[in-house]
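See the structures that follow.
Presented sequentially are two complexes of chain A, the first with chain B as partner and the second with chain C.
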Partner chain A sequence: MARKLLLENINVPGIHSFDVYRQNGGYRSVEKALKTMTPEAVVEEVKTSGLRGRGGAGFPTGMKWSFLAKPEGRERYLVCNADESEPGTFKDRYLMTHIPHLLIEGMIVASFALGAKTSYIYVRGEMMPQIRILERAIAEAKNAGFLGKNILGSGYDLELYVHPGGGAYICGEETALIESLEGKRGNPRIKPPFPAISGVWACPTVVNNVETIAAVVPIINDGGEGYAQVGIGRSTGTKLISASGNLNKPGVYEIELGLPVEEFIYSDEYCGGIANGKKLKAVVAGGSSVPILPANLILNTINGQPRLMSYESLADGGFQTGSMLGSGGFIAFDEDQCIVRNTWNFSRFYHHESCGQCSPCREGTGWMEKVLHRLEYGHGKMSDIDLLVDVSKKIEGNTICPLGDAAAWPVASAIRHFRDEFEWHVTHPKEALERNYGIANYANPLPKFEEVVGQN
Partner chain B sequence: MSDKVKVTIDGITVEVEPGTRILNAARQIGGDIVPPAMCYYSKLEGSGGKCRTCLVKVSKGSEKDPRPMPKLVASCRTGVMDGMEVQNITSPEVIEARKGVVEILLINHPLDCPICDQAGECHLQDLSFEHGVGNSRYEFVRRTFEKIDLGDKIQLHMTRCILCYRCVYVANQITDNRLHGILGRGDASEISTYIEKAIDNDFSGNVIDVCPVGALTDKTFRFKNRVWFTKPVDAHRDCPSCKGKVTLWYKGDEVLRVTGRKDQFGEVEDFICNTCRFETKNTSSWVIEGPRQISKTSVISANHYEYTPLPVIKENKKLIDANKVEFERASKI
Partner chain C sequence: MLSVTEHKEIEFSSELVKQFDEIVTRYPQGKQKSALLPVLHLVQAEYGWVSPEAMDKVADYLQIKPIEVYEVATFYTMFFLRPQGKYVLEVCRTGPCCLVGAEKIMAHIEKTLGVKEGEITQDGMFSWRGVECLAACGMAPVLQIGPEYTFYENLTEESVDKLIETLRNKL
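This part shows the complex of A and B:
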């Protein structure tokens, strides 16, 4: 069994309650940090650990914390991003539901490190049960003296609040989240200034993902060095992966970064292979925003190396033949799935979730959705395929926030790798309504694939 | 002065105050290199960054850190640094991106210019003329909305709106701190009809002037005339609530319309009150200053006797050579 740092005790009965959590070694990191360490030492420890943001971008957390401006007499805030709404990602919800005290423990240590006296957990509005679970856990922790004034006699005060959002994907973008937290419309802000300088109520703010904050607990308990030994290269530690799609055992798994993708899909410890004895056609490795890859490219990189679950290996090959770890939403598609339909579905999501502030994303997402809809339902034209690529290029990089890119990448990558299937939808519109294109050569060994790339 | 910073835009260097936005630095240079701006309005705090027509390429970050910026940036929201080098019309990448933005801005626009009061002074018309392509690749039904009357003087025709947010900032900043905004999100967002209430405020009429398109129009002028058949005249009066400096738009002896005085970038010099705008339409109430200078390239000058020299840059040979076609087109008109 691989090492588990976050979910080790997830199956202990009653772990969601303070007492059981505490009996299983919970809140040790708070005692250690508040009693024996300075805030700077905690930041240093997180830097040493090499922990990278688990919310999608993978930015080194220790570095982010050290960028936080510390002007005299200004409040600082820590905000936990629990808005999880990326299609294919459901790890934060799992963690908050079953082991809420892990997040609260992490919040206390992280707030201490940043010198925040008030911290927020911004939870997506639809997650009502999790909001109640967290509020209850906060009350328990407060009762036990881990929150409130003078925590554990250290002189450090912290209030922790749960803030329900309205339920919009865009409110997961950190500056939109801050706007929403301030009670405004969740439109992303134009950066700079970055939240580290001017965030919540124009005060320096750090926004971190649920899993990032939870990972601070094992880092403080075992030391940054210890954490850095888990994982591979610059991808240190463990990562929660939300596995879904046509897998035998979908669910949330904690993996050591560096696990081969093949092992993750096929071993019995993890997903147990493709459901119903089918073959794997494609994988979206990191949530709907990252480029989709055909089976052969997800299992191996273009150089023939086995692909690993790590920030670097998944990104190997750049946009041509690689993808990203993103938020760890691992969606597997078997041979019976239609890539055109899936691309349309993703693009429908981004169209619906665009905040509408900047023109390329507001209008472009809708345009792409309409063209994809037409392709999927047999009214497409050959020129539509290039049109989609062109529109996606017009959006990508020209918008205020990365949602524009997130909408463009899935479309561009699907066409890059599955162009035959899109063309087949145009040339065989009637057949495309009745059956799926099937697996074609998407799982063939790679050299063959290189030829296909060459032809296009 | 030593505390000024140097920035070079399309090969032309200018010294500006630190913290100046790239767009404003370009406006100080003037001429063809000024990026078009559909949402930024220098008098409205927080505006800009939304339409993306003003994208430019920063090919050198600054003297200290010469690395180029990885993406195109919105020039209206990016501050200059000392030694920064910016490419606007000399960068094919920028031209291409801008073309894309124009096409995208037009896909849901009704293109009902023949029946739109804004025609002739519409920034979207200018933009598409200068930067767009002739046809659209969009083949779907366009978004439409019902017209809404915001009080008895202003009409909102959301179908034409490009969601630049300028009117929202006006309602927030010029009128009595009313909070109104946008309802819905994505391409379903619309200007909140709560703005109807802002009509009580004496300055609400300014939303008409800031609107770059014909989404907010003056009902007292509705269908009265085409703007290029009217003659603009600067005038002022003693007004208790605003500075009273306006432009009167005449047809014969009759004042058809009163607006703020718009500069060459389409921004008003001063916001004016509703009394001046809607209620004061007789010449005797005004002190006439003289004809309003209108850019020669504007269609409004078609029927006009003013002559303003073309704003071209004569100094920069390189730029002129690089932009021969546009240059010739502009000088021909």
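This part shows the complex of A and C:
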């Protein structure tokens, strides 16, 4: 069995309650940090651990924390990003539902490290059941003296609140989340100033993902060096992977970073292979925003190395032949799935969720959706395919926040790897309405690197 | 757009206002506008939708301009700006759910209820709509029903029939 750092006790009956969680070693990291460490020492441990943001960007957490401005007489805030909305990602829901105290424990230690006296957990509005679970857990922790005034006699005070969102994907972007927490529309802010200098109510603010905050607990318990020994290279520790799509056993898995992708898909310990005995056609490895890869390129890199579940290995080959670990939303497509239809579906998502602030994203996502719709429904032209590439390039890099990039990459990568399927939709419009293109050559041995680069 | 019904003054119940008061304490003094989203959720849970009158009242309560409430209520997709059925079935229509049959489930709901997306059944019991990713892709296809936002997972046509039947017979 692989090492588990977050979900080790997930199957203990009653682990959602304070008493059972505490009996199983819960809140040790709060005792250790508040009684034996300075806030700076906690930040140093997190730096040593090599922990990288688990929400998708993979930015080193310790470094993010060390950027936090500490002006005299100004409040500082820690906000947990629990606005989980990236298609394919449901790990935070799982963690908050089953082991809420892990998040609360991490919030206390992280707030202590940052010197925050009030912290918020911004939970997406649809997760009302999880909001109630967290509120109950917060009350239990407060009752036991782990929240409120003078925690464990350390002189440190902390209040923790849950704030519900309103069902907007964009609020997962940290400055949009801050706007939303202030009671406004979720329009991302222009950076700089970064939240570390001016965040919620113009005060220095750190925003971290649920899983990132939870990972602080094993880091403090085992030490930063202990955590860094798990994983591979600069991808330290474990990662929660949300597996969905046409798999035998979809669900949330905690993996040690560096696990081969092939093992993750096919071994019985994890996803148990493709459902209904079908073949794997493609994978979106890190949530809908990252480039889609055909089966051959997800299992092996273009150089013939086995692809691993790590930040570096999944990005191996850049955007030509690689992808990203992202938020760990692992979506598997079987041989019967239509890439054009799925790309249209994702485009509709980004069009729907664009906040409307930047023209390239607001207009471009709409055009991509329309063009993809006509390709899928048999009214496409051959020139539409290049038109889509053109639109995606005009969105990418030209917007305030990364939603524009996130909308452009799935379209660009689908055309890069599955152009023949798009062309077939144009040349066989009637047939494309009745059947799918199938697996074609996407699971065949890899072409030579030069050929792939040459085509693009 | 905001005036779909005749304008009628409404009064929030004292229990509701008590809940608002508690929420406001979570934010620093003078930052009561932050309570807007949680307050709107409570209003929708109480009335089934967020009416223009209710928005004006919320603005009064939080001491902000009505436009500050309108712009937020129209931005966030969870808030209904028109009356809905008693039960609103919100089916996830994004990629991972569609890989395992969400489109069939939506077609089945449309057929079973006999109303199009966004419309209300004649008895006022149901309306339905497709929504974007609900972060439950491993249990797909899924739907949710407010105001509790209970989840129904791994949907089949049979389980949807059963769910609708159960809700119909509930008092």
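Everything below uses one rule, namely that the second predicted complex is superposed on the first by the 447 of 456 C-alpha atoms of A that agree within 3 Å, B and C clash if a C-alpha of one lies under 4 Å from a C-alpha of the other, contacts with A are read in each partner's own complex, and residues count from 1 in each chain.
FYI, contacts are C-beta pairs under 8 Å (C-beta built on N, C-alpha and C of every residue); 3 or more make two chains touch, one makes a residue touch a chain.
These numbers were taken from a predicted model, which means no experiment stands behind them.
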Contacts of A:180 with chain B and chain C, given as first, second, both or neither: second
Chain B versus chain C as contact partner of A:387, first or second or both or neither: first
Broader residue contact with chain A after superposition on the shared chain, chain B or chain C: C
Touching partner for A:88 - first (chain B), second (chain C), both, neither: second
Partner chain in contact with A:329 - chain B first, chain C second, else both or neither: second
Touching partner for A:252 - first (chain B), second (chain C), both, neither: second
Partner chain(s) touched by A:208 [first = chain B, second = chain C, both, neither]: neither
Touching partner for A:352 - first (chain B), second (chain C), both, neither: both
Which superposed partner A:364 touches (first chain B, second chain C, both, neither): first
Which of chain B and chain C A:397 touches, first, second, both or neither: first
Set of chain A residues, in rising order, touched by both chain B and chain C: 168, 185, 352-353, 355
Touching residues (chain side chain C, partner chain A) in the complex: 26, 28, 31, 33-38, 40-41, 62, 64, 68, 71-72, 75-79, 93-96, 98-100, 131-140, 144, 146-151
Chain A - residues contacting chain B, complex: 168, 170, 185, 190, 351-360, 362-367, 370, 387, 393-394, 397-400
Chain A partner contacts - residues on chain B that touch it in the complex: 48-53, 55, 71-72, 74, 77, 97, 100-101, 103-105, 107-108, 137-138, 140, 162-163, 165, 181-182, 184-189
In the complex with chain C, residue positions of chain A that touch it: 75, 84-90, 92-93, 118, 124-129, 161, 163-169, 180-186, 201, 242-246, 250-252, 284, 288, 329, 331, 333, 337, 341-342, 345-346, 349, 352-353, 355
